[in-house]
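Take a look at this one; I'll ask things after.
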């Protein structure tokens, strides 16, 4: 999509809206892609002391460029400490020290359940996706879960093909009934809107539309019947500082990742 | 006692058809040279264990070497899917492979239990997750004090583990540093362990006492292979070849392109070729 | 967020009568200054947890502060018995204390489980050992894959843990090095954690990435107390005062001698006195 | 005891006999006292590559002076690596990597069961001893157990007051019946003799008398009726090198430990 009209793209709006949701004292378990960009924009703007943790074992990292993988050297070089993977999952995630777990999704349902495992049947999949990685336990051990994804009817579906990670299940108190004591998905930020779960049903409800986005657009790119809150707000547009921070970060990242291929291409 | 061997000998001595094998490395220090040597030697019917199978298992699966794969993230990290693994699982090409899938927490705990000599790992996991329903190796135990139901998975005990590390000393102690991942556990959990290293130094006398050092008597064989983790990286030696990961997505997308690439870049090469591949990625001293 | 405080304030703010508290340190880095401050402030009815209770718990028990002690080795390491603890257990002087006894493996696993947020630890232990019959907190679970019967103990979750460490940076991150013992687990398992350090440095930028660093947000308070682990030692700063351990055997043998020693060396002193005690033990730079 | 007659003391003979039992490729879990001296004499004589592990986390250590505690700085300074205590007990001991666990005893019975916990009743002890520390799991996770102790009727008893660590229980296949797969006590070295368990009954039997020691002396200092093997041998006396190595080590140790008290005494 072009940014000619608004001065920013929907993806930039998504990343920046997600960054704003993070607080200075948060401890984030960061996934690659939009979550990584959002967390680092937060760190470079309003949340300089935020703690970013990547599942490769890097704690309190402050990368100058976005990592391509969750284990790039940049993460270790700038971390407060780097621990083993078993320690990461035992002491830091399962130990209850993560305030925000950030997840993306291939398929998402209205209760924040996520599929990144298979499209189709598990044993005979139409498409074999990468699978859960850290997500099954990130989803249950982090105090809260934030989800980011670009909207599409293929991605936001009535029923997901596989429960890679558990959100609110069938809604209501389903988490509690499974003995899961953490809050689960409390925020969904897409390229079009900000969503929060209904306090009772736990169904994701649009609470804010990004600038220039209509209710119809949100519904047209979502596979379930969308609920909008009564007091619907408009997401403040990215500030000049937010946009510059994100774009500089992405430019540095692009340059750094391209550099490794130079001699090959030559 | 550990032996210093050329990689071809270390692989031939420690790996067998039908083995359960782990080539571990969590994005960092992936033992690519050892995997390519195993491919050249043409082992069959392997059970491949790894948290993040990555390019090397995509290659081994694409070459038809695997009977089964045990994993927790079947992706090209930061890029997307592993297309040879997909082709095997979705289409049975070049052969059908059995899949045992866990979460990262499940695999990390299972390696830890293997290193700790336990039959299983116990942790808080898989709640509400679909894997618990499709993987019979995910069970539960109850805490005898609180009654809380916890997840249990069998310990991982590979026949042989391959890792890449920064350096060995002349006695055969091995230093792993940076993102250390699951490598220590993968070595200690295995019956045999082979380590490729960037270099051998006289001694480790100046090392900080709390670094991750594998004593020589926990290792079967060490092979010196500079650049041996390319296109992954070795902290302190060379950076990750991100371009190669992006490029792999295209190579693996096509069966013929894959075969041709493997022929040229693996079958007709040796471990000695790795050093040149990281020349342009070396960290300025 | 972590606060830098004088030790008297850090102790007063974090310790309460009736708390379950761990002053940890495995021979190395014993938080003596913090324990002495707790003695001066006169806390009562404490449950004292520690693998190796050592001199400081002998002192706290002798001063009547403990309701219960949880331990795995009740000795003066390398010297012999802890005579004040013996007097309490054998004769109820100055008061009877409850005893919960484990093996080192049991305690280490229980701290690990506490740090890992689990309700219990599972390991292979206590087989044929008498403790399993006298400690109701030693139970069993069966491996759901092999049927092997394993030991289980409840996780240790102290209200507050005190440790001594080499240094903090200005942000409040803490470095522990050398014989790191169980300190990281004891801190991560606790609701609150207080660390005494030898010194504060500007930053940890030059530290190796794999050292044992506790991030600032895992700690409640840091107090700078040079020499704060005497007569234990601090790797890199000063050596163990073995003579003081030998001397303690005589002091603790006699109730009156003990009271007099405590009055003179603890009650009438402050944390500032520790620096002078290690002057002759400092490692030549 | 004096060394005037034989040129060495019974304790020196005990330590040296124990050191000889260790092989160059052994991995020893070392306790303080006689075991520590024996292991280091072995390292300084016939077993230079022996791996010594102290439960404080020091692996492959080579102390120049004997540590007073299992966590002296000397152990860390000279170790190949130093790990945390949970790792020590999980990966190294429970992981089955220890070939020889070395234990001492306050009370020992003829089947190698050890008490270092209490004299008298556990709940109302006559003497509260330090307890087991690492011993309960050292005794079951090490491939073999070597025991060293000076003989006395108070120490070598028919029935111990508490099973701190399990040896051969009531003898025979008692270990197997409890699911313990390791060999247990295979060697007892006292200040008077070398003992090995009977292959069937597992009762400790004297196989070698130290120089100048009679059967009567062994029996007089042991609380059970002693069995002697038919082919009873005499332990070779310490060699000049062994004695010098042990005495030099102890002299260095004494000087180093006394040094810390100097300023105090002044």
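For reference, chains read A, B, C and D in written order, and residue numbers begin at 1 within each chain.
The rule we apply is simple: a contact is a pair of C-beta atoms (placed from the backbone, for glycine too) under 8 Å apart; a residue touches a chain by one contact, two chains touch by 3 or more.
Here the structure is a predicted model, which means the values were calculated and not measured.
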Contacts common to chain A and chain C (chain labels): B
Pair of chains joined by more contacts [C-beta pairs], B-D or A-B: A-B
Euclidean distance of C-alpha centroids - chain B vs chain D, Å: 41
Interchain centroid distance [CA atoms averaged], chain A/chain B, Å: 28
Geometric centre distance via CA averages, chain D-chain A, whole Å: 57
Chain B: positions in contact with at least two other chains: 112, 116-118, 123-124, 148, 178, 180, 184-185, 209-212
Residues within chain D bordering two or more other chains: 76, 82-83, 90, 94, 141
Chain contact topology (line, ring, star, complete or other): other
Pairs of chains found to touch, sorted by chain label: A-B, A-C, B-C, B-D, C-D
Residues of chain A defined as touching chain B within the complex: 32, 55-58, 67-73, 75-76, 82-86, 88-90, 93-94, 117, 122-123, 125-137, 139-141, 162-166, 169, 174-175, 178-180, 257-258, 260-264
Chain C contact footprint on chain B (complex, rising order): 116-120, 122-124, 137, 139-146, 148, 150, 152, 154, 177-178, 180, 208-212
Touch list for chain C against partner chain A, complex: 1, 112, 115-118, 173, 184-185, 188, 204, 209-213, 215, 217-218
Complex contact set, residues of chain C against chain D: 26-28, 51-52, 71-75, 77-82, 85-86, 89-90, 101, 103-106, 108-109, 111-112, 123-131, 134, 148-149, 178-182, 184-185, 212, 233, 235, 239-247, 279-281
Residue ranges of chain A in contact with chain C within the complex: 25, 27, 51, 59-60, 76-77, 79-83, 90-91, 94-97, 141
